[in-house]
Amino acid sequence: MRWPALALALLLGATSAHGQERHADVQAAQVEALKAEIDRLVPLVEDAQAEVYGRFHREDDADRILSAALAAVDTFEVGLLSVIAPEGHSGVAREMFEEVWREHFTNVDVSPALTRARFVFQRSDQRVPIYTARGEPRVTVDGLGSTERDEFLARIRAQIATTMQHDLTGAYVVDGQRRSLAVGHWAPHSANLDQNWSWVYRRIALTKSIVSRACISGDLAGCKSALGLGILPAEGRVRWGPIVVAGREWKQPYDQEQFARWYTPDERRLIVYENTNMAAFGREARWRECVFEDAYDVCDDLLEDSYGEYVPFDGPTRTSLLAFAVEQGGRGAWARVFEDPTWTPTQALENASGLSIDDLVRGWRSRVLAAQPPAYGGLFSSGALAMLWFFFFAALAMRSSRWRLG
Amino acid sequence: MYKSMLFLHWKQIKYALIPAVVASFGLPLMVVSGLGIRAARGTPLEAYQIIGELNTWLHWFPSLASALGILIGLSAWNWDHAHNHVYALSLPVSRFEYVLNKLLAGATLALIPFAGMWLGAHVASAAVDLPVGLNAYPNQLAVRFLFAMLLLYGLFFALASGTKATVLKLLTVVLVFVLLGSLGNEVLADYYPVFERVHMVEYALRTLIEAPGPFQVFSGNWALIDV
Amino acid sequence: MNSAIELEGVGWSAGKAFELQDVSLSVPVGSIYGFLGPNGSGKTTTIRMFMGMMKPERGRISVLGRSVPKDMKQILGRVGYVPERPHVYPALTVAEQIGVHSAHYELWDQGWCNELIDRLGLDPTRKIARMSKGETGKLLLLLALSQRPELLVLDEPTDGLDPVVRRDVLTAVLDYVSEKNATVFISSHLVHELERMCDWVGVMDGGRLVAELPMQHFKNGIKRLRVANAPESAVEVPFTLLSRTPDNGRGSIETWIVRDWEAPMRHYFDGVGATVRDIIDLDLEEGFVELLRSSRPQHTNGG
């Protein structure tokens, strides 16, 4: 039986190989035909799109719609912003936009997306937009009378931040140079700056890394290492998240010594354990070996082959340092971040803040530690409230009808 | 009088309270026991893992506090109901004195599980080798536990002091509100768009949980270990 | 203060089911007042009214010279109360129950309490849940007496007890009264039980106080008369005619039940052309039954 089976296998293998060659030829011919078809169709599609666009976005129509919409609104400038609000609400809108701008965005002096945008202010239950132009940032509020002022301010701030984020994550040109700054990821939660710093504290405290723990304990070198500031722009796979200049990434080759400084062997194993991608593409056996059999060298091999961001302090945490640097640098700090696209993050941060990197990181660390969230904040006020209710309930018991028989 | 009230309440609740105290003492230990097992296996305890592990247990603390509060509250009036309040009314004490002493007696009993929780939380905290950045909050946890327990105790003390008819009326009102609030909202929203955004039940729950609502103490942190 | 308990026109109703109708009674200080009435006649409700447990809809109540319910706390400190149903806690021992109860009374006399424990034959270590009905009854009396009350209110204290225990309980009450000269208000539907000990009697029926009189009057004043040629209408009789029924098969002879009878009243019948054939003393129970029968509207016959 063995020989006929072998013969059959050889026959099938040969047939298959021949078939594959023929199949490749047919595919190449089909691709060429498709390319020719696409070349023929693309101009037609473009013409059709132009026709449609022309019909619906004629300049005169847009102007007419805009002027009609603007007739019932006020337009005013706040900082770099242009704000449109219904006539009846323009006073309160102006006041709030000014407050938000003054408190949070004074230092932003380079942001074309902000200057380009018109911020529309309207009630969310107003079905017909007061301004019909598309793509404008729109601040909506739930019934102006009932919305909490703080919440409203937070919405304005979030809208501005979102606009900036959109601006900064996409490439745009400042002073003739292409820049990108993902600063919008910083402090996404609320207008309350202290809460944002507390949020950073929490991220730092929960970071798994030798250097992050050292940073919390007061080791400045640990902080810088955890922030990835020691890494030079070179070949590699690690980048310093928030500042990506001129489309180049700051890269760092996988460096076992660097990883050993950042993470204990167990932490490296944990990184592998949490990254199931490392088990893909036939690596599952090695992944299991690393994770379940304490094969640390296998873990390091997997890390070396992987793509990922392994700087201990993550992007939002690093962005908080950038925000701190800009805050310290005052007016013009944003622009100074981008002065030279070849700068390392350290150089960019020093240039923006006007401080040495040590002073900057020291100040940032103090700021973060000072914002340690009170784990049981408000316990005694809520306890006092509970006690008030407790005695209120007791007073109800005093009035019980049970007290009279019959 | 307070002592006799305490004695009476203790007498009828002791068989339920003893396991409850054991639970209060044991819960923090149970919470950290998972961490201990992992540590024994040689797996390092990362801060975020500790927090994650503890998070899975968090709801047990308010649940236990509620159960104990309800238990103490409901048992406070057991014997009075059994005797149709005749005994209480035949005593030479004012209603205020009687209720206050009974209330305080129950509150004193609540201190026993509180002590169990406090002790258990301290033992549990001491048993865990916390990484830098994390702190244990045994006192705060125990105090929140006590407040939550007392609040539920007070509520059920008041409910249990009433007649069955009163309690039934109250429950009916709540049930009708929830039904109308959830079903009615959808129907009303067809006619009045404002109901698409206004959810009465949700609003009521928020009112209860957020200050100055009575259950605000439940909405806070219950973590034994946190940043 | 002549009355230990005084009710004036006290009224209360529980819908259509029951009504206390303008009850006025007066319990003299130092008396033993028997409160008689069938089950459901309103005895317990009346007691709860003057014990401040229920609020009357109308009328005025005072106990030991103080107003009810305003001064209830002061009043209850001087009143020993044995309720209709035991209010002791089954999970406690006798000693524990005494400890719990005594905490509420300033005048509690522990020495006297210990003496009563011996006299009533109670075991302080015994759990109440394991005690007989008689023992529980004794404990309730002990709790009421140990606070040295000026007024002892006993709501059916011997109901369901065997004769021996009943005698023990009543003896303890009498001993206390003779020693302290306290007032006792004792309710019962067992008439003969009160016959020997009470000096005042109040009779309740259907939510009304149908009679209130000294025991002596009650015992001697109710007679059964056999009257020949009885007048058709009995107006302006010198006694209270409770009932009159024709004697079956005996022509013109009738049986009259009368109250407040005295021997010279016999002349009344001479004046109306009738003759009293027999005068029969009724015992307390018969008198009680006749009193109740006469108080009920459907059975009232003349008078």
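Before moving on, here are some points about what is shown:
Note that the chains take the letters A, B and C in the order they are written out, and that residue 1 is the start of every chain.
Methods note: contacts are C-beta pairs under 8 Å (C-beta built on N, C-alpha and C of every residue); 3 or more make two chains touch, one makes a residue touch a chain.
Because the structure is a prediction, the values reported are computed rather than measured.
When chain centres are set by their Cα atoms, the one at the greatest distance from chain B is C.
The most central chain, judged by the distance from its Cα centroid to the centroid of all protein Cα atoms shown, is B. Among the inter-chain contacts, the highest number of C-beta pairs connects A-B. Averaged C-alpha coordinates give centres for chain B and chain C that are 51 Å from one another. Centre-to-centre spacing of chain A and chain C amounts to 89 Å, using the average Cα coordinate of each chain. The centroid of the Cα atoms in chain A and the matching centroid in chain B are 39 Å apart.
Residues of chain A found to touch two or more other chains are 405. Residues of chain B found to touch two or more other chains are 85-86, 89. Within chain C, contacts with two or more other chains are made by residues 53. Of all residues in chain A, only 125, 142, 201-202, 204-208, 212-213, 216-217, 264, 266-267, 270, 372-373, 375-376, 378-379, 381-383, 385-387, 389-394, 396-398, 400-403, 405 touch chain B in the complex they form.
Residues 1, 3-4, 7-8, 11-12, 79, 83, 85-87, 89-94 of chain B are the ones touching chain C in the complex.
Taken in their complex, chain C has these residues touching chain B: 51-53, 72-77, 81, 83, 85, 87, 89, 91-92, 96, 99-101, 103-106.
Across the complex, chain B meets chain A through its residues 43-44, 46-49, 51, 77, 80-81, 84-86, 89, 95-96, 99-100, 103, 131-135, 137, 140-141, 143-144, 147-148, 150-151, 153-155, 157-158, 161-163, 166, 194, 197, 211-212, 214, 216-217, 219-221, 223, 226-227.
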